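Here chain A shows up in two complexes: once beside chain B, once beside chain C.
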Partner chain A sequence: MAVYKRSYKPYEGAVTPDRWRFLVLTRYGFYGFFDSRLFTSAFVLSFIPFLVSFAIIYLAHNATIRAMLQMRGPSIDINNYFFLAFLGTASWVSFLLIAWQGPLLISGDLANNALPLVLGRPISRTEYVLGKFLVIFSLLSVATWIPGLVLFSLQAGLEGHGWIWSHLWLAGAIVIAAWMWIVIAALLTLAASAWLKWRIAASASMFAFFFIGPAFGAAVNTILGTNWGHLFDVLYSVKLIWVSLFRVPLPDAMAMQMLGIPTSAAWTAVLVTCGIAILLLNRRLKAREVVR
Partner chain B sequence: MAPVIEFDGLEVRFGPRAVLKNLRGQLQGRCIGLLGPNGSGKSTLLNTLLGFYQPAQGTARVFGKDIGEHSRELRGLIGYMPESDAFISNLTGVRFVRYMAELSGLPSTHALERAHEALFYVGLGEVRYRKVGTYSLGMKQLAKLAQAIAHGPRLLFLDEPTNGLDPPARNRMIQLIREIRDAGNMHVVISSHLLRDVDECCDEVIILRDGHIAGICNLEEERRMNRKFLELETRGEDNSFADAVQQLGCECALFGKGRMKVVLPESIEIRELYQIAARKDVQIRRMNYRRDSLEDIFLKAMEEVGARNGSL
Partner chain C sequence: MTSFAQFRKNVSEQPWELWARQIAAILRMDLRKNFLSSRGIWVYLLAFAPASLIFLHAILDRAGSTSIRTDTEVLAGIFQFFYLRFGIFFGCMGIFTWLFRGEIIEKSLHYYFLAPVKREVLLLGKFAGGVITATVTFCMAITSCFAIMYAHFGQAGQYYVFDGPGMGQLLAYLGITALACIGYGAVFLAFSLLMKNPIVPALLVLAWETFTPVLPTLAQRFSIAYYLKQLCPVSVPAEGLLALFTVVSEPVSTFAAVIGPLVLAAAVLVLACKLVHRLEISYVAE
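Our next item is the complex of A and B:
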């Protein structure tokens, strides 16, 4: 019906496939993020680590340009340490972005009881979380493992001589390490977003989680004279897994104080953290899916 | 006519407390009023039909589909306007309604078109690019209505649609509901404790009290029967007057304190009532012709359930 004809008419057109409808939530999540110019600018700036790494790899393989720029001394080795450093930097930068804008994802729906409107449609609670999760997953992917693989491809292309085949495990390490970090960051962001209405409080809680955990873990280690207190420090567990995935040699890992607990325990700590975040999310959303 | 909603022993519990108790019955009106005092289970019933609460026992069917087995499918057929504020404050009106329509399954372009139409239809066309958070209370109610109808549902749940509206806004809302009822093939369920709202829109009512169905009444049929009755206020009545009136062939209902309703067959004249009153030494203080209003139906249902529960 035309807008000037103010009479109600039923809709008789096509409908979208039921299975992929949760992607609407993801699309509108992106709208919400990029509505903010500040976020858009910060998102663009988050590519700086990638551009710097790209330049370093290029320079490492181009002696002529190094000479033109009067760069003396040995070129940087492009190895597992390089990719570990890149991923660490990119992950932290992207986390800052998500910690700022991410809490709006669910709290915006909870603030004025919009959740019953969303869940009163053919969208389940799981699909709702999945739709919101994909917003963070996509953004962090663009900032972490996708540029990581681009750098890996660049290095493979410039190095030649079968470098890619002997270092294929490095590509796997980049993807697995980044995915693990993204899942933790996304679930913590969504849980904070579901429980705290104020964005500043939610952002602060995410940072607090990474600071209180290490402090508590250190206290446990000191009092009990053990290393198992590191289990309360998720960041430590993440670093430990990364060190293992990137095959950092034992002496270097010891120098990085990354041998407190077994890697399997670190994986368990990460999985438990994710499980708790999912439980918190489920509990909050279930309680708020009807207006009380 | 096929029933819109059927209750088959539906019971909903919050922990140990039963909120809806063994509901049985059928509703088939075009516009159904869901009446009951505060806390009687109206909103719980709507939320159960939407699949937010699982029945502890029994079930219900909407358009013949079980609410447990076809919950997802039914949500696509239902438009829902909740009682309290429900909106996303940082979205413009048109983006909010479009978002909701897309979640109901409309393709993006169709959803945009329908969002514009729905907002114009409810009277928010001029403010559709303003953020919903800046709308007045009445405008927010209309925005809620727009998002509920944008995807063209077959059944529309309106939970207290006139809540907090001033008289002109209320009239506008009632007018819209009536237009929606008359326009397409959509059925409407209005949950309200305002009898006037329901009376003006609905052709069938279900009355809840303490989680029970206190009554289901086809208002349209009542109106068609157009039954007039006499409302009497008497003094000195000890049931003998009512018995005598009934023996005369009239239907008679007593309401205490000498108040009674009498349906007078055409063959009987009012004079005969006065003669009986004189014989029984009963004073008739007041006598009015009336029609059964929704208020009467509601009060009668409340009293019947109260008497059944022994609480009145």
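Our next item is the complex of A and C:
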């Protein structure tokens, strides 16, 4: 066909339903993350805690292999402490990954004035945030609660004797604890990414938030002679909630210095942190550009 | 002519006066940028946050329920656990990594590179600007903490500061702060020239500085915190799990403790001078 005979033809292929269009942002978010070979390698390495835990559970139930490996002494008890330790390690490792690459999600759009272009399409601000949020949510899920449930299933399968029914609450604790951590990490990452165009500054601010918060909280506690300074330490609140979700007995919680504030206050601190992050996002993400 | 005489002749022939003027010009520009920009507000917040808490403590403790000794220990704890471990560390990380990376982000580094200024002179000027910014900010914050802490004791506080050990302690804190800013500043400046994202190595430094007390004495000597802790006028015992594994090392002399961070900073600055020579600007990559 001659070129002059070609005229405009609308796209006739399948159209993504309106409701799911924000997933395009998620897809491109993944592309952005896994463009970096270093990140991909680090992501693969983040499964090491899972593999180690998997091996421990397997060994705990297999006396033959323990004998072959000449492992003496009692096998490790697979209980709430074990899953708590796994979740803690996996969450930290995955947080390092997200703090490193996560700030790219929004800062790129803002630094290049691309936000009005994205929001000029049939995608609302909420969907924009949701699309970006899902990138972090999916990555952290794959590294935290999904392997946690796999380990839980493995333990249930190997232990038998109705272990799964007597410990079903543990599965719920894994999911709730991980989801809470993921929501905090994701919202903080997005807020830092939206406010600090420089990716390094965004990463640094996230780390500073988690390191300076405890230091400031400790300063409040020391100077004012109180325990309420822990409210400035989101990590403490998260740990406190986890300890209660995983039903750690009171003496052990005391030994871990986890009784400074009531659990309800810890939940409030977490909710306030998430609320502030959402407010910051709401303030920053506008479908307009101010040129001075 | 002996090699030493040749070296002396070379040194005396260098345009020191010009370099000093160039450093002063760079310093002026950087100080204006560091102190007056809204971007630096977070450093003030970080530095003065404990001062606001101590102010609150001074208001609540009007009845004088605490003693000077207790408050001196509290102040020492705040200095060692808040300022030295995190506040100055993160403050220097923000200030010194921004010195060159900030110019790249704002696409203005080429102006410096096109000017007839040696890159080493530029680096030293910027480093001096960073050191003055960090030192002045944190020293002011620590002085205000100190002043508020003892002012609420009235006459007794005044006596402790001016006729007791107070003034010596304050000067020691200020000196340690300056040394910390120089040491950490040099390290972060070198990191910002060495790699695009200096956060990961900075975290490794933080981990190193935190966990070196549990390592053998020889390893501890490669940490800035090791020297600075020795200079602290009031010792605060470590708490928690880390305290269990802490290796008590032989104390070094005050002179060695002062020289240690300075030597480290000088060595890192020499490395940074080499790095800045090879630095190529790529505004697209940032």
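As a working rule, the second predicted complex is superposed on the first by the 272 of 292 C-alpha atoms of A that agree within 3 Å, B and C clash if a C-alpha of one lies under 4 Å from a C-alpha of the other, contacts with A are read in each partner's own complex, and residues count from 1 in each chain.
The rule is simple: contacts are C-beta pairs under 8 Å (C-beta built on N, C-alpha and C of every residue); 3 or more make two chains touch, one makes a residue touch a chain.
Note that this is a predicted model, so its numbers are computed, not measured.
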Q: Name the contact category of A:64: first (chain B only), second (chain C only), both, or neither.
A: neither
Q) chain A residues in contact: does chain B have more, or chain C? A) B
**Q.** Touching partner for A:9 - first (chain B), second (chain C), both, neither
**A.** first
Q. In the superposed arrangement, does A:200 touch chain B (first), chain C (second), both or neither?
A. second
Q. Of the partners chain B and chain C, which touch A:124 in the superposed model: first, second, both, neither?
A. first
Q) Residues on chain A in contact with chain B in one complex and with chain C in the other? A) none
(Q) Help me check something: in the complex, which residues belonging to chain B touch chain A? (A) 43, 47, 50, 52-53, 72-73, 75-76, 78, 80, 82-90, 95, 99-100, 102-107, 110, 114, 116-117, 120-121, 125, 133, 147, 149, 151-152, 154, 179-180, 183-186
(Q) Under the definition above, what is the set of chain A residues touching chain C in their complex? (A) 99-100, 197-201, 203-204, 207-208, 211-212, 215-216, 218-220, 222-224
Q: Enumerate the contact residues on chain A facing chain B in the complex.
A: 1-4, 6-16, 18, 21, 24-25, 28, 31-32, 35, 108-109, 111-114, 116-124, 289-291
(Q) Which residues of chain C touch chain A once you look at their complex with the stated criterion? (A) 46, 49-50, 53-54, 56-57, 60, 74, 77-78, 81-82, 85-87, 90, 93-94, 97-98, 101, 105, 196-200, 202-203, 206, 286
